[in-house]
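Each of the two complexes below includes chain A, the first together with chain B, the second together with chain C.
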Partner chain A sequence: MNKESKIDLLLFLLPPLVVLSIFVIYPIIGTVVLSFISKGTFSLSNYYEVLTESIPLKALILTKLEPTPPWGALIHNAVWILISVPAVVLLGMILAYVLRYVFGSSFVLGTVFLGMVLPGVVSGLVIRFMFDDSIGIFPRIFAVLGVPMLSKTWTIYPQTALLALILGSIWLWLGFSVTLYSAGLDSIPSSMIESALVDGASQWQIFAKIIVPQLRPVTTVVILMTVMWVLKIFDIVYVVTGGGPGGSSTVLAMIMYMYFASSLEYHKAAAVAVILALLTLIPAYWYIRIVLKGERE
Partner chain B sequence: MSKARISLKGVLLNLIVWVFTILWLLPFIALLIMSVKPYTEVILHGWWSLGGNYSLKNYLEVLMNPSYNFLQGIENSLIISITSTVIPIFFAAMVAYSLTYLSFRYKTLLFTMILFFMSIPQQMVVIPLFNLYVKLGLNNTLTGLILLHSAWGIPWIAFFLRNYLKLIPLSFVEAARVDGASEMSIFLRILLPISIPALIAASAIQFTWVWGDFFYAMIFLPSPDLYVVTQRLALLKGEYHIDWGLLSAGAILAMIPPLAIYLAFKKYYVRGFVGWGLKG
Partner chain C sequence: MSQTQNKLVIFAVVLALLALVLSLYSVITLQSLASRITDLSNSVAGLKSDIQALSQQIGKAVPTQPAPQQKVKLVVIGPWSGDEAKYFQAVIEAYQRTHPNVEIEYRTMRAEDVAATMPIQFAAGVAPGDVIFGWGWFIAKMGKEGHLVDLTSIIKQDEYVSGILDAVKADGKVWGAPFTMWLKPGFWYRKSFFQKYGLSEPKSYDEFVQLLEKIKSIQGVKNPIASGDGMGWPLSDIVEHFIIAYGGPQMQLNLISGKTRFTDPSVRRVFENYLVPLLQKKYFSEPIEWTTVIPKWWAGEYGLYFMGTWITGMVEDPNDLDFFPLPESKGVVGGADYAFVPKYSKNVDAAVDFLKFLATEGQGVHASVPSGKIPTWTKVPVSQLWKPMQSVYTKITQRGMAILPDLDDSIGGDWQKLFWDQLKLLWVNPGALDSVLKTLESAQPKP
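== the complex of A and B ==
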């Protein structure tokens, strides 16, 4: 490289790298260091305490002691992922496919996408509203169906609070998967489907044998992005339940915030942040690998 | 794929999807109705009843009552969202340009770092930055939040712009180089104008994200006189009693800017999202 282009490179990259060093690299390292410091010495005790004495895992044991399920934050994050990933994948794929045969599909797509645009706090309030017993939609439906267990305000009972949040989050995030699947469907050559039709394949066979396998790369991205999004979820939990009642709907991001802002235990907050980041790195690593592979091709 | 034929199955399918769509919109319709009704009427007859006196009282209350200070929140949010959109776009464009058109040794490393920064959760950076901000006097300032949002925007916008630039043929960059144009002038005169659709998409998405941010605001703007709109809205909810009329008016006000941007740039916005998720 000649001298001139080196100067150009410096001109282009130095300012953003300085900004990123101060606001991203330095604090990432700082958080890791802080998480290992306890009472002035270097140790693992923050992790130990966070994982045993506090809400994230203690609740695992408490499940057996209490009638209500105040599972731990870690468990809540896991349950959240286990429910929302299949829901987002299946609903997203089916809706995107069905939309091809529906009148006014771009309006439907635009509507479903709203969840991606609105501030999390507004979405949270909508979730709170949907599950409110006096004016909300879900409890009303269950009241008509004669299910008293579910015809109350879901978000204030430990048995239903987490479920309400999970259902609400699926409702919000579906726009992401439907949009990606719609674009994925557009890229499937129509000749493939036409020749299958000529061969006498049924709609269902086409969906199962052509559409689903062709959409596999999209499905991978949808799964990875959904996991990353769910792991970081904070604002709807804060607004709707605050992690309650009794810790029954708390999540890692919420625990981190509580340690930081309520009990001012910065080192423990850092430990939770590191745990959260490590979990996020699993799907992130996968995603980065896919992108880098695409780069080389 | 074939167009919908008129058949019983087709009609049924349309019906199901449209009922689903209306159910989807129902909570927002409910918010809209509740925001123009006195809450006592909502409680007595439900938000779905059409009778009663409609008024903008809830909106006036939210905006004018000094204890809610909503206007101040909107102002702060606008300042933060607009500046935190304009600043990172330029930095990110420079990174994207370097990654696409310049060759240098640690390019793959830089690109991997960008992808890594994109995936790190927000929680990972707040504690050291909070300490730093307290020392520098940036805590509880809009500037502090703007700097953070701007820095946080650089990685994903750079990745996003790079995906766009990759699709543009190199030939005229080479031609401009042969003509003796400097990299900076190629960047400013050719690449930025070509990237306008991608720049619009990135700006729209960044704006809605910053506008919707709650976590960073809660940590870096702890004092209520500087609250942004999302914090104001969370405050409106109250601890035990929820005044849905007031809250709906607040929620509607808080969603107008991102919704307006989304509707205005819908095409770019959605295409941008698809590119972010699929290309690479």
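== the complex of A and C ==
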């Protein structure tokens, strides 16, 4: 590479580096530095205090575990991941596969995808209505089935508030999953399925032995993106329950907001932000690895 | 990868590392610079207030600047929207009639959002508005930190309802101007509903329970009392009313100051003997968004609704409206909306002039429209109040009820949110009383 080319490259590299430094690197470093400052000195006390906080609306982990929430934001996020990831993967894959053979599938796909395009605040309101005892579909169904506990407004009871949010979020994120799986299904060569049919394979065998393995890269992406999305979730929690009742539906981002906007404790808010960022980095790292691997191939 | 590419990658990595180190350095430098600037501005603010205090001591109060003659634009930020904003607009228009050179733009922002977003903007030396409404505790805090214009010489303290300025005082200075006041006097009902079913206002707690039982037996009634929800404050208003009625006005004040703790047996008794039994018997509805429940209550799905005086401006026919407090109550929660002028306003003089109007004649204008508010400025005659509010005001004064500060608004901060959230829990799970009181006590400010 000659000298002129190097200068050209440097000129191209410099503007994005400057922009990244100002708007990404500086705030990140600023937040990390802020999280370690307590009473004017560098220490770990902000981390210690946010991790040991026991007030339900600010607790990351509640030591007194009971069968129903509140359990603390970290555990709520973990439960959320445990329920929503399998649901988003399974429902997304099945819906994408089944809808290929159903008349009017584009309308159903459009409805499912609606959750993805709605602003978080609007989605939150829709979730509120979905679980309201007078107009919500879920309480109505359980009223017909004769389950009194689930025929009430889910979002105001500590036993059901978190579950209502999780189910609502599954609807919101399903559009993303179905879209990715639909694209994945399109990429499977039809000759594979035709050969299997000629060999006498049933629809279930085709789905289990061909479709599912072929969709593995898509499944990995769906899992990682869902985990990252759940870790960062805030807007629907803020709108639907505000983390309550009794702190039974708090999440990490909500705790960060509480420290930042309610108690005006910016150093502790920064500490929670760093914890949240570190947790999000784990799936993000795997995601980037997969993307880079795909590019190399 | 070719050698040139390798070199380029190494070069990019070195550059990125350099950028990181530079960023770290600039973060630390900027923070130390910012703290020095804050120290300097605090010293200047201190000097200014010393000069002001000295001027007052020698009998020469700092004169307020007259409103400028040239065209000025003020941005006013307040919590009202919809009809409530319309009533506030009447105050703005009244001011503009005498100050045609002042253009006023009104923007809606809830007190929660003001408290959440302004501190950062103030720290950066900017303000999104010239006159801003906010919680009393927040104003006192911001004033103390040197972000607000000192209003001590603007507000004549003896012309206001006693104690109303306490919330916005800090370091012996007044940082906020009181606007009109709301009261949370008790349970509202439709006169026609009570007449139709032969119901009357209770004179004791037992009669109150009997009334609830009668309402419960009326066909079509879901619950005797509608419970408002939303951010959570409607439930806290009900609880405070029970505390004042059965713990006494002093208990309310002691809970605010932290002298009485939430786990105190006297506080527990109020909950256990009076409120929790009503929750257990489902006399209260589940929490429902407070504005959406109004038409349902008006249609007879609920008999009573505990709300502030602003409800008078939110119903179809305010003449069909009446209220009763819990019979044993000797106090009523009342509070004002407070406004302040940030130091960073570009039109401090015009803003202070408008604020002065809000704190005085403007209150008369606001109380004369269906805002459901009464003035905190004692110079406004009762006859100027909107008719339905005159009867409310008369009923409260006839009972000789003390006006007390709002418990959660006075404490503020994240305790307020915790209080609201724990009450939501209590409403659906009255059995959690002990845990609720313990949680509230653990975060309650110490005296």
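For this structure, a couple of remarks:
Criterion: the second predicted complex is superposed on the first by the 266 of 297 C-alpha atoms of A that agree within 3 Å, B and C clash if a C-alpha of one lies under 4 Å from a C-alpha of the other, contacts with A are read in each partner's own complex, and residues count from 1 in each chain.
One rule holds in what follows: contacts are C-beta pairs under 8 Å (C-beta built on N, C-alpha and C of every residue); 3 or more make two chains touch, one makes a residue touch a chain.
Everything numeric here is computed off the predicted structure, so don't read it as measured data.
When the shared chain is aligned, chain C comes close enough to touch A:246, but chain B does not.
Contact with chain B, but none with chain C, is seen for A:119 once the two complexes are overlaid on the shared chain.
When the two complexes are overlaid, the chain among chain B and chain C that reaches more residues of chain A is B. When the shared chain is aligned, chain B and chain C each come close enough to touch A:261. In the superposition on chain A, no contact is made by A:199 with either chain B or chain C. By the touch criterion defined above, A:102 reaches chain B but does not reach chain C. With both structures placed on the common chain, the touch criterion links A:152 to chain C but leaves chain B unconnected. Within chain A, the residues touching chain B in one complex and chain C in the other are 1, 9, 13, 20, 26, 29-30, 260-261.
Interface residues of chain C facing chain A in the complex, by the touch rule stated above, are 4, 7-8, 12, 15-16, 19-20, 22-24, 26-28, 31, 115-117, 119, 229, 231-232, 286-287, 413-414, 417-418, 420-422, 424-425, 427-429, 432, 436, 439, 442-443. Those residues of chain B whose C-beta lies close enough to touch chain A in the complex are 1, 4, 10, 13-14, 17-18, 21, 23-28, 30-31, 34, 42-43, 46-47, 91-92, 94-95, 97-98, 102-104, 108, 110-112, 115-117, 119-132, 147-148, 150-152, 154-155, 158, 182-184, 187, 208, 211-215, 218-219, 222, 229-230, 233-234, 237, 242, 244, 247, 251, 254-255, 258-259, 262, 266, 269-270, 273-274, 277-280.
Here chain A touches chain B in the complex through residues 1, 5, 8-9, 11-13, 15-16, 19-20, 22-24, 26-31, 34, 95, 98-104, 107-114, 116-122, 125-126, 128-130, 132, 134-135, 137, 171, 176, 179-180, 183-184, 190, 193, 217-218, 221-222, 225, 228, 231-232, 234-235, 238-239, 253, 256-257, 260-261, 266, 269-270, 272-274, 276-277, 280-281, 283-284, 287-288, 290-292, 294-295, going by the rule given at the top. Within the complex formed with chain C, the chain A residues making contact are 1, 6, 9, 13, 17, 20-21, 25-26, 29-30, 33, 54-58, 133, 152-153, 156-158, 242-248, 258, 260-264.
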